[in-house]
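I'd like to ask some things about the structure below.
Lettered A, B, C and D in written order, each chain numbered from 1.
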Amino acid sequence: MVDTTAGIAPRARFLTRERIIKWAPLLVLGVLVLLFPFFEWLEDVRAGDAHTYLLDSRFFSIRNAARIGISATPALMVAIGVTFIIIMGSIDLSMEGTVSVCAVIFAFVFIAWGGTVLSWAWLAIPIAMLVGAAMGFINGLVHVKLKIPSFMASLAMGFVGTGLALLLTGGDRVRVEDPIFRSLLTERWFNFPVMVYVALVFLLIAWFIQSRTTLGRNFYAVGGGEELAHASGLNVERVRLMGFTLAGVFFAVGALLAVGRIGIAETATGNNFMFVSITAVVVGGTALWGGIGGVWNTLVGVLIVNVINNGMVVIGLPAFLQDAVLGILVIIAVVLSTDRRSVSFVK
Amino acid sequence: MSFIKKFIEQETTNRRDLLLASAYGLGGVAAAGLMGSGMARAAIADPTIAWSYRNRTNPYWNEIVSGGEAFVESLGKSKDFLTHLINEGSSEKSLADVKALLSKTNGDLALAIDTNDAPNARPVVEACVEAGAYVSTLWNKTDDLHPWDFGDNYVSHMSWSDEGPAEQTARVLLEAMGGKGGVVHLGGIASNNPAIERLNGLKNALKDYSDVELLDAQPADWDTQKANQIMSSFLTRYGDEITGVHCANDTIAYGVLEALRAEGIAGMPVVSYDGNPQAVELVAKGEILATVFTNPHWGGGITAALAYHAAVGHFKPSEEPEAHREFYGPTIFVTPDDALDFKAKYLDSVPTYDWTDFWGPSNGQIQYT
Amino acid sequence: MYELRQVDKTFPGVHALKAVDFKVNRGEIVGLVGENGAGKSTLMKVIYGAYQPDGGTVTIDGTTVRFQNPRQAMDHGIGMVFQEQSLITNLTVMENIFLGYEAQFVSLGVINWKAMAEAAKQQLAKVKLDIDPATITSELSFAQRQLVELAKVLTLEERVDGDLVILLDEPTSVLAKEEVELLFNLVRELTKRASFIFVSHRMDEVLELSDRIYVMKDGEVVDVVAHDNADMDAIQHKMVGRDVDKEYYREQKQKPYGNEILLSFKSVSQGRRYQDISFDLHKGEVLCLVGTEGSGREAILRTVFGLDAPTAGTVEIKGQTIARFNARTGVDLGVGYVPRERKVEGIVAGMNVYENMTLSQMQNYAAGGVLRVGEEKSLARDWIKRLAIKTPNENKDCGGLSGGNQQKVVLAKWRSGGSDIILLDHPTRGLDIGAKEDVYEMVREMCDAGAGIILVADTLEEAIGLSHTILVIKDGEFQKRFDGTPGDKASPYDLVHHMI
Amino acid sequence: MKLDIIKPYLPWITLLVLVLVVGIANPAFFDPQGMIALVADIVPLFIMALGMTFAIYIGGIDLSVQQMANLVTVIATVYLAQFGIGVAFVCVLAGFLFGAASGFVTTRLYVPSFVSTLAMGFVALSGAKYLSGERALSMDATLRNESFGWMFGNTVGIPHELIIAAVLLVIAWFLQTRTTFGRSLKAVGSGELAAVASGLNVDRIKILAFAISGTFAAVAGLMFSVKLSGGDANLANGFLLLAIVAVLVGGTPLTGGVGGVINTVIGTLIVVVIRSAMVYLEIDATQQQMVFGVVLIAAIALTIDRSKLRGVVK
């Protein structure tokens, strides 16, 4: 998917097996994007209406792309955060708690300090990101210093995060009404709301970190062989701590965009991010055992999941079927993007 | 008859007898003999008062809790006296927490509860009855479960008939749409009773508006973010065909409004339910055309009050008519015209209720169809 | 220049290093030999900073140092070239070379990949390896990886001002003969800049390369021999505490094999791995497959065991044509597989001795799926005695046994289950001399008991010494067959001639 | 060295400490009847965790158990009238088949169990929604009591739920420690490649492990359905994370091959003690979740045997 080695000339043969598998998630995305309009076409043709495939599609339109963009951006930020962790071969399940805490603290500070971006309240944005970093750092400390597997450590930290958000709000929701902040959603450039561009900027930052910084490359080293990396003089504990901290920052960005999208910060802001983001990461072709994949994979994965969710409603699939279809499509996507020759077994 | 079958039958009979016995206040002796602890008694001097509810992330439950706390304070106690059991949407936790509390308090308990899911009401009630505690339920219970089958200990059940009010909001919506066009409905968790009733309300209203089409109805699980995504998908599927949105509650409406705002769509008629303060403000601004206030503050207070007063023996539930055991809660219809008045009266300063006027604001006995 | 004095290291229950004195002079190649468990690897870990000694001093040019981690050791010019597969395969060659030291190519937080590639090229030139530094490591051959490993350590040259000490841990185990020569020449050239500590089980190589040889036994240095005085037998005597006699491979115990055919390959091919291979394995025969790494020898073993189905030809086991290829079928027909990756494929670490022994034949110790643990244990006790497996009892975790004893457990697993077609894939890899002898002894015993053995040997000498029949394979194709009787066997030269 | 001796007992010690802490703070906790009731209530969760243990024991995970239980509550409620007690068989079969399907997707299609079971869970959820018509259903009380009333009786003060749990525990324990299948599971969990090289049919073993997980989840769902006398597609929500926590806190790490069903007993008890401690210690409602998380971290830090995690902690 992504050129993890940045700047290397492609090899001679174009359609190798590895290459096809590498691009499979994008292929799946492409097929899905063409598949849903097909169902629309089918529906109209059956009803005897005129319908030119794709051209008359409501799904395959800029306006719907913007809608998918809006629904995908917060999840994308969270998924990018967890991508780094998964590349290291660990896992982070604390995102729901971290997102809620960041959203709530952001809203509190924002409103307390003026309630508009044009006052000192803008500082709430960096503060929220710092809070995310701190949550991630603590998560990393629990994992690295107490030597608790990340699955458990982050799961428990997720409880702590959600609990903290609840403690802070007492269960209330905080509305963030500032029109300038809300222009994340309401202002559009070239048909897409500002939040999509913000997400794009952070995606590029993540790509930069992944491909151009020592830390990013060290994630791959740790995921490829932690003991070897340690023996090469790499401070693996530090890399892990930094990784979880970085993930926390991206969770915070996700929280900001989630608040920007609905204008409400509450304990429930973080709900549903866990399974969606991890599913998206895996569907995008990043391997759960670490070392393979990257943020572009995650972009494709998040888009796949959101396109499916959007498309199912658009083609009018009965609600009770939607879960099953999502599940089956996820399995298909993962099957297609797994190189069975390179894995000896999967658990 | 096989041995096993005989054994099973014996056990069920024993169990029924036990329940029956304790239900009629005789169980104290029988149960004490069996379980080794003092069970149902006529009155409890100073029961623990507890509220068991879904979570604190929803303003609706916060209102319920505030009512419970107001009631406790009316007894001259600190509001910390109220014990909170939060089930996080898990029936299993709901039941387990109740049992833990029953065990901790040795049955000296006045419990107000929403059991999270209808089937969970029966085991909760049975556990309370068995331990001699007094329980009042809110919202969820199955139709075959009735307070009067359990003597005094199952004090009351309050619910709301949402079909009528939801139909009323739907009519406001349909009128605003000019009696034509297309409407979409975003519902709660599909199997929840209120979700079903509120959709039915819409359907009932639609019978009188043949020019309006119900384009789609999807469950948004009472969740703002999910509602937001579904609404934007609706906009893709139906585009301009949508001329009105019927939401199963306020939190869903927030998500819908934001989805509309993202598209720059203004003036789309939207109605909701529950009458949360923020929703009422939106009604006042005209962004929501109607919502239904179910007075959760009163509901939360009175449910706890019923359980408490029955527990301390201020009244004997079994001597009350059935209409006092199962009744509908109050509903107040809120529209832009009266939103500000309503807000001033009910939300800005919460009225002080008489927590011994159990049935004054209620809305008649629950009817089963 | 680099010196350890009276270094001590204790682990719970083990006194791994006992007052070890060890010294490396400038430009010197120091050999380090000893049986498994003699303390070599502990000593190496102390030297490159992975372990901290409990007692004694480490000095460099007279200054006392103490390393908390490998990185501090590297900063003092001490680097380690690990055994095979110690590069991170999903990274590029250049990333591996500069792992942990990327800072030199970073400006304003950005890695300059061009500069890194340039620098990596220089490092690769030192080891005469001409590959694109941006190649993903997994695409390299084992020999190439070994050289990259060395190039990586040689970055110390630029980084450290003082002298370098480079540890080579079994660097030749995956190399072909000519690659070994190349490596040795390189090492000799590099002594201008660095000293080397060379650790290997291959005594001849140690003798060839080293200026001095430290011999370790039971955590102590028992002898230091200068190159000129080195004598293989004497060193081995010191290591083992006894002579390795001329009957090393037990040739005198080799008996002619019978007529009964156990296994028959008829023009079998498997994809691109090997083509048109035919042979018969008889009762009591040791058949050795000889070839370079990747020549197809292991693939043939995998087919016999049932892991990979052939694409053409027929395989018959005891007269029965195999239709379904899976491990179960193989095992049921009496095939036993002793894999090369002993710790990963041979034994299950975390399971105890008796559980490992019956793993392939649980049905023999179970009724209706319920295990008869008592019988398992008595079987295990029996075989622990027969093979003199060093373990306190049959309940000990196999992961905690030494390599040789693990190998015995693997062999006991198949022999006790009555397997009579035994596939040995590098059965003596990483074993010390004593344990090797035990394995050879077992090979002969198995032949006497009527089993047939297919062997992929660690060295050519081993192949020749043990086998009745040798098949030379090159690039998946059969080259030449050698039949040998004791005293009249092919020479390594004959074999190499056909291998390459 | 001394630490090594107590290591295997750390989960027990953690449990004991927790019980003592809660009990000393509020002696009412020590009431034996109350304790029995407390434990009896957690039985469906325990059974689910018991099944999950098998999936984790081979180094995988099963995220479909909650949805499986949801589906079974619906199946049990819908078909009780038709099949009577035979509906139990239908439920168990459904659990087994669904679990096996998850296992198939995991082993044969190389989808990591984290994703495959999550996805299969969605399929089960759809099934539950379809079958229930997206309604909360309730069982006919008479039918329920005739067929399953025995599940919730008492014999000499011992709730039948506990007896059922004990029987299932013994079965699971027997499977794990005394059968060739259990031995194979251990081999797959600790060293899959060696298991292959010993001629074990690893794929089948793994598929069976997931099938067992599904089966136990179905039993848990059935019990829960009978207990609540009804079913719907969300009834068992809230089970999943607790079941995972119960297994892991008990000392069965995600790496596989270590721990087992007895650990799950301890883990479940630890979870129930922490949870009821919220009630007994009167932890403020808004603080409960946070306290739960913190205590959980402490409990895990105490119970996991890091020497058995083999290699790096990921």
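The rule is simple: a residue touches a chain if its C-beta (ideal position, glycine included) is under 8 Å from a C-beta of that chain, and two chains touch if they have at least 3 such contacts.
Keep in mind that this is a model prediction, so the values were computed, not measured.
Show which chains lie in contact with chain A and also with chain B.
D
If you take the mean of the Cα atoms for each chain, which one ends up farthest from chain A?
C
Please tell me whether A-D or C-D has the greater number of C-beta pairs in contact.
Per the contact counts, A-D leads.
Mind checking the centre-to-centre distance between chain A and chain D? Centres are C-alpha means, answer in whole Å.
Centres of chain A and chain D (C-alpha means) sit 30 Å apart.
Per the centroid of Cα atoms for each chain, what is the distance between chain C and chain D, given in Å?
The mean C-alpha positions of chain C and chain D differ by 43 Å.
For chain B and chain C, let me know how many angstrom lie between their CA-based centres, rounded off.
70
How far is the middle of chain B from the middle of chain D, if each middle is the mean of its Cα atoms, in Å?
Here chain B and chain D have centroids separated by 31 Å.
Which residues of chain A are in contact with two or more other chains?
Residue numbers touching two or more other chains: 166, 170-171, 319-320.
Going through chain B residue by residue, note those that touch at least 2 other chains and give them in order.
Residues 56, 65, 190, 219.
In chain D, what residues contact two or more other chains?
129, 134, 193, 286, 288-289
How do the chains pair up in terms of touching? List each pair.
Listed by label, chains in contact pair as A-B, A-C, A-D, B-D, C-D.
Please name which positions on chain A make contact with chain B in the complex.
Result: residues 58-59, 61, 63-64, 67, 70-71, 166, 169-173, 175, 182, 185-186, 188, 193, 258, 261-264, 266-269, 271-272, 309-310, 313-316, 319-320 of chain A touch chain B.
Chain B touches which residues of chain D in the complex?
26, 28-29, 31, 33-35, 37-38, 41-42, 44-45, 129, 132, 134-138, 141, 145-146, 149-150, 152-154, 157, 160, 224-225, 227-239, 272, 275-276, 278-280, 282, 284-286, 288-289
Mind listing the chain A positions that touch chain C in their complex?
Answer in residue numbers: 5-8, 208, 212-214, 217, 220-221, 223-225, 228-235, 291-292.
Quick check: in the complex, which residue numbers of chain C touch chain D?
The contact residues of chain C facing chain D are 12, 305-307, 326-328, 330-332, 337, 339, 341, 344-351, 355, 358-360, 362-363, 366, 369-371, 373, 413.
Can you list the chain D residues touching chain C in their complex?
Those in contact with chain C are residues 1, 4, 174, 178-181, 183-184, 186-187, 189-191, 193-201, 257-258, 308, 310.
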